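Chain lettering (A, B, C and D) follows the sequence in which the chains are written, and residue indices restart at 1 in each chain.
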Amino acid sequence: MTWTSDELMTVNAARALAGARTCFVGIGLPSAAANLARRTIEPGLVLIYESGTLGSKPSRLPLSIGDGELADTADAVVSVPEIFNYWLQAGRIDVGFLGAAQVDRYANVNTTVIDRGPGRPEGRLPGAGGAPEIAASCGKVLLVLRHSPRNLVGELDFVTTVGHGDGPGSRARLGLPGAGPVAVITDLGIMRPDPETAELTLTDVHPGTTAGQAVAATGWPLAVAGDLRVTEPPTEAELTALRRLAQGAPDA
Amino acid sequence: MAEIRSLRDAVAGLVHSGDTVAMEGFTHLIPFAAAHEMIRQRVTDLTLVRMTPDVIYDQLIGMGAARKLVFSWGGNPGVGSLHRFRDAVENGWPRPLELDEHSHAGMANRYVAGASRLPFAVLRGYRGSDLPSRSATISTVVCPFTGEELAAVAAINPDVTVIHAQRADRDGNVQLWGLVGVQKEAALAASRVLVTVEEIVDDLTPAPGAVVLPSWTVDAVALAPNGAHPSYAAGYTVRDNGFYQSWDAVSRDRDAFLRWMDENVLEEAR
Amino acid sequence: MAEIRSLRDAVAGLVHSGDTVAMEGFTHLIPFAAAHEMIRQRVTDLTLVRMTPDVIYDQLIGMGAARKLVFSWGGNPGVGSLHRFRDAVENGWPRPLELDEHSHAGMANRYVAGASRLPFAVLRGYRGSDLPSRSATISTVVCPFTGEELAAVAAINPDVTVIHAQRADRDGNVQLWGLVGVQKEAALAASRVLVTVEEIVDDLTPAPGAVVLPSWTVDAVALAPNGAHPSYAAGYTVRDNGFYQSWDAVSRDRDAFLRWMDENVLEEAR
Amino acid sequence: MTWTSDELMTVNAARALAGARTCFVGIGLPSAAANLARRTIEPGLVLIYESGTLGSKPSRLPLSIGDGELADTADAVVSVPEIFNYWLQAGRIDVGFLGAAQVDRYANVNTTVIDRGPGRPEGRLPGAGGAPEIAASCGKVLLVLRHSPRNLVGELDFVTTVGHGDGPGSRARLGLPGAGPVAVITDLGIMRPDPETAELTLTDVHPGTTAGQAVAATGWPLAVAGDLRVTEPPTEAELTALRRLAQGAPDA
């Protein structure tokens, strides 16, 4: 079988949910990955959407986080204030899964505005949504986005959501209860915070990708792990499930 | 007690230029029909409040109805940007748009404070984020028991909240279910409440997961079948995902947008 | 994930002497069967938390299981005093009982803060009352936006919360409906959660007004049909008002009380 | 027909709800009066109980505030935190209706402890329940209790719930939004706060009762209004409805 780099990204993002019990699912790429995980590696994964659903089991990939099927298939539907206060803030969720527009070397995230240079107005992004508190309160955080120097930048134009702040100890000083980002999964590979420096380091590349490609597509001098790994190629089962999802086909 | 009125009369009676207006519905039950009526009646200078501005506020902003937006996530869910919102913010077209920008958790708690008639709410939020630097409605409080510093957000109390619900009875009691979002809080936080409904029935039979707003908390109920389109009303309609996808092209271009609004919204008034 | 266990094993595993224990249910769904099992297992030195101590805590207090009570209204609803509670407070029998006393609004918000894992909650309460002078868990905060001084109450986070519900499924998902009181908050505020149920079913069909606690928020589910008696479980049993009225005479006298507990609660263990 | 003094109290308490749209109903005597009002003078009265019911229409008098019928007949049932935060505190309720153990001349209430003198332990009362915030937040407050020097005292042993504090302006200084107690209805008559002094003044006696009896049954020198009125005798309809309620009989 052949696959696209986006498929590699989503398959690896789904795999990163192995062992998770509960996942707070951000809009977009995270939703595809989390739903793929439920069909492959972690069938019991409890999906929680900020629209107020606990334990959604959609048979098709929802376009938005508020598609009716998310509510219809949920164990419980609660109000939006409740999902943020009683469920997210309370620290009940294992993994927060987020997309991003800009990410820096400490896995901080900007989804607010882009500086387009002197004399030009800021470029407007959608804004924070649930991200600041998802990244603060979940046991750990996964980020998924496409690898490019526009997305992975030396300096954020705006800090919407804190990952590892300005490095080791930053989360503790800010009083952020969760462990923060543990992996950034892209279409080229996977970056993980270095245990010493908290700086994102390339630990895996996808089959057919080189470390050099990832370094070139990163806006800061990306460190590469000494024991750089290559991710396992997608299995036929993973690709089949993903393509069914992407086509909006119901569960087999 | 809620009066059952036509949508035109209800909007004319309850929504005034210059008002702070919250139109809620978290991807579900978004009150598009009421927004279109507001556009037809040329209500303007609004402070629009909504967690997820969505296509409904893209339309109001693009038509120049808003001077300020209070929000937490301004995209076309699953599709991309809200081009009219971006054009207003980036280029001031058709008029500049002031922003007060929060996280979802902050906005949700601002409504909770509003519904509780408290001046603020407390959350563990915004830590390390640049968001507080751009908002006058984010501050801090210190826990008097533990000394921990927490975020405080100012209550939202709209002049008028507009929501869409599945049903009302003839006394004006309102029932909604499915994703109930933050509608109860938005309604209870407001001075005036307008509810559009799919159906007016003799009796509200209990439904799983339903929220009921008693008639005495609502000012007007207006019948507006399919009034959430392209959003949906669980049990009545389904989300028109195709519309959301096609909105991207319509809204990218100022003229195409104005033409679409003219043909699909304003013409009804002629 | 919740384990389905016998009531005896669930209490032995989850409720320990010295614990802070919340047993909630606002006149409805009061977990009497679990309290009786705690009495039989001689769990003691408890800090008991409950908005309305009711006959269930009258029994635990009278049997000497509690060293402290956190509450807001300690009466036999519609009947009169809780005599064992009074005897403990007024005369230290069978042991002194420390009190932390709130209003209902304060207690409800303490659970909300606990469920939200915030250290405190804010309300407009206690103004002019002598209650704050007797409690270390009532203080004030100042709104950073308006300068208004409001009451702050410390979060409640019990070691274990025990509730009674109508149903659970075989995976341990719990469903309750009717007057749902403060049970969701009490459960979500606790480190451990024990739920007794009227029935264990294959599937939890949605029910109007139902609250669902997913299995992953519960530690143990124990089958205890009629386990809320003399309180009730809507849809399964009705409140035994006669019992509440007869409790007045039973509980007035120490010996009559001990005899009743011996015959109706302790004997089951022999 | 003949009647008891308790029946006079309840009938007059029910009458005091004329014109109210919504009533937050305390446990005990207030519940009897509020349910009687729904059967007589104010059939559309919306009853709100702290157990979380909005618009209960019980066909029998509930023994407790949590009887199943209150939920079964309600327009909506909400959680206990919600009833206090979104409904009571928000100032949505016209009338708060409370019982009391001790009331002073400014209609402040003690339901916490009784001082039984030196060397004796305090007598324990049930405690605050919802009263402090009901009296603070409702548009106005009605109190109902039996008239005796033990109940109507010169000085409270404990201030559980503020009525008019220490007199005119007290509620405003404390930041209490509602108007506070407007009437104290007893088995002998009705006391209302004097518009100038805020002190409870005997404005009405029930048929067959004298002002002197009420003054003698009051623990402070009770002022008597110059235009003291006599309450209307209970009508046959009122008494019939009340007795059916008291017997636990369902609605006719």
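In this section, a contact is a pair of C-beta atoms (placed from the backbone, for glycine too) under 8 Å apart; a residue touches a chain by one contact, two chains touch by 3 or more.
Just so it is clear, the structure is predicted and the values come from calculations on it, not from any experiment.
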More C-beta contacts across A-C or across A-B? A-B
Could you put a whole-Å number on the gap between the CA centroids of subunit B and subunit D? 40
Provide the C-alpha centroid distance between subunit A and subunit B, rounded to the nearest whole angstrom. 28
Averaged-CA centre spacing for the pair subunit D and subunit A, given as whole angstrom: 57
Among the residues of subunit B, which ones contact at least 2 other chains? 112, 116-118, 123-124, 148, 184-185, 209
Can you pull out the residues of subunit D that are in contact with at least two other chains? 85, 89
Pairwise, which chains touch? A-B, A-C, B-C, B-D, C-D
Which stretch or stretches of subunit A touch subunit C in the complex? 21-22, 46, 54-55, 75-76, 85-86, 89-92
Spell out the part of subunit B that touches subunit D in their complex, as residue ranges. 112, 115-118, 173, 184-185, 188, 211-214, 216-217
Subunit C residues within the subunit D interface of the complex: 26-28, 51-52, 71-75, 77-79, 81-82, 85-86, 89-91, 101-105, 108-109, 111-112, 123-131, 148-149, 178-182, 184-185, 209, 232, 234, 238-239, 241, 244-245
Subunit B touches which residues of subunit C in the complex? 117-124, 137, 139-146, 148, 150, 152, 154, 206-210
Contacts from subunit A onto subunit B in the complex sit at residues 27-28, 50-53, 62-68, 70-72, 77, 79-81, 84-85, 88-89, 112, 121-124, 126-133, 136-137, 158-162, 165, 170, 174-177
